[in-house]
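In this document, chain identifiers A, B and C correspond to the written order of the chains, with residue numbering beginning at 1 in each.
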């Protein structure tokens, strides 16, 4: 609880993370109120193939003659949903494994970490392919796959944290006073690791959005959902590059880049605030200054 | 203590820039002399500026710091050019044993190599002769010379601290600064390290500044002591004089607050806490905790004045001015 | 050392076994089976049945598992459903193309990532640090396939490098091209995909190096090194980077394992016939034997690189062995 102060301060105090928050906020607005903002329908043909930007269609049209501004806003919705939901699944699995592993230690820890290690070396892509083939290509499944791929790093991080928190005096005291394990975990340990968990989630959202574009590009995405990843894929399939139609290529990827950048800036400033070791640097290009002697003040 | 001082500090100030644009005046004009072979203790509560003061002597302050004052090493000024004028003397003339020297060694490099590193750099010894010298130094601090090829983690805490002292002696410095060299060590090891420091100054003519918050330790090791409070030297003198006849109320209270295992005197703590130094204190900084204050203590800061040869104090009590 | 190495190798071997088994289970767990998933117009029921028999899919699972293990042990990974060519040969062809391209990109990213990360940490808080960090973050944030498209769209034309294929199809049409010109042509085709990969990894690596360096530069022994009068250069090199290498090696090794097969989108966009391209094609055609082979290859390379990192570790960190 005590740590919340510096974290909030870091997030609100630095210009990088403030920009990040602003970007996330705007994207969130676009995603939530998207349907009101979209000038046209997402499958409404309003122009020719890959029409360049004009006053009616600020970003031109895609290969099917659909307005790209509309698609971009619609894409924000799907990409953010996938990002947040995927991150949430990863956090829940990773958090659970990490807490159990770090809290109980011993055999539980060894077994869970062994499983985590196996998952860590399992290549993502074949896993994606197989799961997509078994479960079918839908948005929910993409969310689950993202969770399945990313929970390992969270589990390790959380485990390390829980292990150190568990050894703290007040946790030991609570345990000595007869607090149950559930109570120890939820009352004493989870609140302590919460800031780190949140920072990790924010970073994970970025990863999830990133992975979604990748899955979609491999043709394993939800065929009916318009996401930013889908727009990048479409631009490739529609030969936008060959036709020099930068307006179809640049905006969706830029949107992804900016949102990921925003998440990273916010998440990183939180993590940095939680890592006091980073604040000390014994090597600096700048040096301390020498002030001129003040003779008259010496005598005063 | 006759002859010229090996190092003298004159009116040394250190400020730190704060994030909010203000400054913290951490060391507020300290002065003292140190003669060859002398052991000076720097004692005070944490945050009183003792570590900052000696980091300034080493030129190791961070970029947020600024300093003022003179540091004379065998009569020549070394502080005027900041780090540039100090760094040639680092380790060669003034060496240091850091607080928590447990981590003073790079974990992936052999201990001997790290000791030799400084010698090679300052041209004291290289190659084969450096190895021999390292073995000699290690033996001087009571570690078998062939252990120089071990890694730091293969040493116990006490051994690492000895090795850190050996490393500090690598270039035959004239002054050794030791910042809490015995914290985190058990009592037996602590005693051995202190004994080592005493014998080194005796045998090598090394001047020692020992920083600690532990008064009995000073009494055990040092000839003289400087009691620091709020970035100033409250009182300086021989350890015996400070104990027998404290001139500053803080010195008196500090001795009273130190438990004596033989006596059954009541241990008293000093109520209150030191002032924050992000604003210049008005009057005497010790006034709120003082039990012998005068009227002018509220408004006028006491000056650092010499009351007897080798004895100075920053207190209005007994000051005719 | 001996015990440590044996333990790490043992773990790697067990992981390989688990991966092989998982590979079997996952691909057998597919709805229907590989053959019915095969997309081809000429596939008649009789053809499918024959295929199924050839693949042993009509036998009990345990027998299939035995056959599968035997196949792997003898290096036989089956044949492609589509071309009926042996999987091993197809994968080998692809690897030969992927490895040089990936090596070029990886070396680029490691060299520049370390340089940028070290400078950034050393000059922490300065303008140079900020620029370096923001650039790295930008590359780190870009979807790989999008960066590839941007390079095709904006860079390729400007620098006049080819954006498609492994080699110029017309270069040796008369059979008189010199080895040198063929090599140059190959290299030119490699540059842009390598650059894409290199930039993506560069972002990743320089951020890793920076934060690892920041951690070590805050350690007490760095202050000691400064007190000893060492030059900044030497401190950064001997005491900073040397210690920062520990986390760097782990993370780089982990990412390298994935890189071997992780160039899917890059190779696809540049039509570069490597492992990544083969994967995307196989996904599209549901050519499971090929996918299975690639899956094994990538898993092995990940496990292999991790093992290398594990075995390298005691050389970098003397504490590893004793603890």
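We take it that contacts are C-beta pairs under 8 Å (C-beta built on N, C-alpha and C of every residue); 3 or more make two chains touch, one makes a residue touch a chain.
Keep in mind that what you see is a predicted model, and the values were worked out from it rather than measured.
Among the chain pairings, A-C comes first (most C-beta pairs in contact). Centroid analysis (C-alpha atoms only) places B farthest from chain A. Put simply, the C-alpha centre of chain B and that of chain C have 54 angstrom between them. With each centre defined as the average position of its C-alpha atoms, the distance from chain A to chain C rounds to 23 Å.
With centres taken as mean Cα positions, chain B sits 48 Å from chain A.
Of all residues in chain C, those that touch two or more other chains are 219-220, 223, 226.
Residues of chain A in contact with at least two other chains: 281, 284. Per the touch definition, chain C reaches chain A in the complex via residues 11, 15, 18-19, 22-23, 26-27, 29-31, 37, 122-124, 126, 137-138, 140-147, 149-150, 152-154, 211, 214-215, 217-220, 222-223, 226, 232, 235-236, 240, 254, 257-258, 261-262, 264-265, 269, 279-280, 283-284, 286, 291, 294-295, 298-299, 302-303, 306.
Only residues 58, 60, 87-88, 90-92, 95-96, 98, 100-101, 103-109, 117-118, 121-122, 151, 153-154, 167 of chain B touch chain C when the two sit together in their complex.
Those residues of chain B that touch chain A in the complex are listed here as 11, 13, 15, 59, 61-70, 79-83. Across the interface of their complex, chain B is touched by residues 281, 284, 286-294, 298 of chain A. Across the complex, chain C is touched by residues 117-118, 120-127, 129-130, 133-134, 206, 210, 213-214, 217-220, 229, 232-233, 235-236, 241, 244, 246, 249-250, 252-253, 256-258, 260-261, 264-265, 277-285 of chain A.
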